[in-house]
Amino acid sequence: MSIWEYANPLKFMGWTAPLVPVLSVLAAAALMLGLIWGYFFTPDDYRMGATVKIIYIHVPSAMMAINAWAMMLVASLIWLVRRHHVSALAAKAAAPVGMIMTVIALVTGAIWGQPMWGTWWAWDPRLTSFLILFLFYLGYMAMWAAIENPDTAADLTSVLCLVGSVFAILSRYAVNFWNQGLHQGASLSLDAEENVADVFWFPLLVVIAGFVLLFLALVLVRTRTEIRARRLHAIALRERMG
Amino acid sequence: MPDLGKYAAEVLSAYTLSFLLVGGLVLVTWLRARRVRRALEQAEARRANG
Amino acid sequence: MSRLLIRDLVLAVRAGGGFGLGLAFFLIVVVLVPFGVGPEAALLSRIAPGILWIGALLASLLSLDRIFQLDFEDGSLDLLATAPIPMEGVVAVKALAHWLTTGLPLVLAAPVLGILLNLPQPGYGWLVLSLAVGTPALSMIGAFGAALTVGLKRGGLLLSLLVLPLYVPTLIYGTEVARRGAAGLELATPLALLAGITLASVALLPFAASAALRVNLR
């Protein structure tokens, strides 16, 4: 049961050790640069006023919320096919990060929407899809927590991630259909990727890069922690058996 | 400081909440990483000493 | 496979099998709604299609853990895994049994409950059709969830957390068909999409579910 004997986790711990501080510093630098640039040195939007500044948090977090799930999907597939334990643990590690990104996207989206739509929550297709994504993250994390055997947990959560991904895509189209049917064309587009002026676009890119680096740093640290935790568990088991 | 006008509350609360969420995540991640690493070091030491 | 089906049907209908529980729950949910939102007829008839669908969905959820749990606990599932029928067939048959004992009764009971909620006249046929097309998907998706959680002692809550988000597309399209039908609007698109989800679920989810079962039987 001990995974430490396999070369894979050992090598992983080896080559990722120097990466963690590097990624952390780069992430902090990019985030600070991008957010300061965007917050202090960009103008207000004539339609949305100062709330346009929320874009620097809302868009990157929303992108990461989706990308985190995509990474979990790939890692789950690698686990199911190649049985690399590190891959399964990486998927487990990424979930809380993705979930927090989803929450940030929801919260900033709702706050942004309040002055625009006059309500704290609107069942806008995008916000609704993110709410569903949040539920998927919860289910995935709950499943990992509920199952004792690590390999069984890895297998079942991987299958869940696969099927969940299909349904997440299905839901996105269903939600678009659902809202469109009720409020034809009334939704204000928070999709600031369309027609974003250059003056907003460049600091936004920097913050997006910062979020990606932050994601990588966090997932790396969490995966390393998971590997150590498994090793700890294996030692504890052996100690108990004398 | 930019004049946020009438949207000051929205912008500031959005940024503050996001910082808190990210900060909380980083803190929890780091604390757990540290705890597990120390526990593992102790367990390995116990094994090495017989 | 037909013997497995009959066996499951008999087990469900016997005392303690939970048959009728789903129906009773459906009734109770529908009865609670006016207490929650007020008895005004116009409001009720507007939300009737959605409430009936949600009630059917929740009632379907109730009996999901029965699909595999009992057989898992007494070892029958192990035997079925080694039987000549493929595991995917076992899953499909059990989902069918669930639909016959839970989904189908809901479909038949829906019009009666629609009366309680002032469902508009033209809506009855479309409501029944939408449920008839959509409830098999609920059973199949539910069977997948049940397969994932069969190894857990008290997996009921986790099962709900996993399955309810998966139900969203079916719910959206099913309600849309029922709602548009009640209003006399064009509904070919949501009906086709609803049917698509059901067909795809029934065709593909047995593979995912049997993979999950094999993991849990290890």
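Chains here go by letter, A, B and C, matching the order in which they are written, and residues are numbered from 1 within each.
Note that in this section a contact is a pair of C-beta atoms (placed from the backbone, for glycine too) under 8 Å apart; a residue touches a chain by one contact, two chains touch by 3 or more.
Note that the coordinates shown come from a computational prediction; the quantities given were computed from them, not determined experimentally.
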Chain whose Cα centroid lies at the greatest distance from that of subunit C: B
Contact-richer chain pair [A-C vs A-B]: A-B
Closest chain to global C-alpha mean, per-chain Cα centroids: A
Between subunit B and subunit C, centroid-to-centroid distance (C-alpha), Å: 42
Distance from the mean Cα position of subunit C to that of subunit A, given in whole angstrom: 31
Where subunit A and subunit B are represented by their mean Cα positions, the distance between them in whole Å: 15
Residue ranges of subunit C in contact with subunit A within the complex: 144, 148-149, 151-152, 155, 158, 161-162, 164-166, 168-169, 172-173, 176, 189-190, 193, 197, 205, 208, 211-212, 215-216, 218
Sites on subunit A touched by subunit C in the complex: 132, 135-136, 138-139, 142-143, 146-147, 152, 155-156, 159-160, 162-164, 167, 170-171, 173-175, 177-178, 181
Subunit A-facing residues of subunit B, complex: 1-8, 10-11, 13-15, 17-18, 21-22, 24-26, 29-30, 32-33, 36-37, 39-40, 43-44, 46-47
Subunit A to subunit B touching residues, read off their complex: 39-40, 44, 49-51, 53-54, 57-58, 61, 96-97, 100, 103-104, 107-108, 111-112, 114-115, 214, 218, 221-222, 224-225, 228-229, 231-232, 235-236, 239
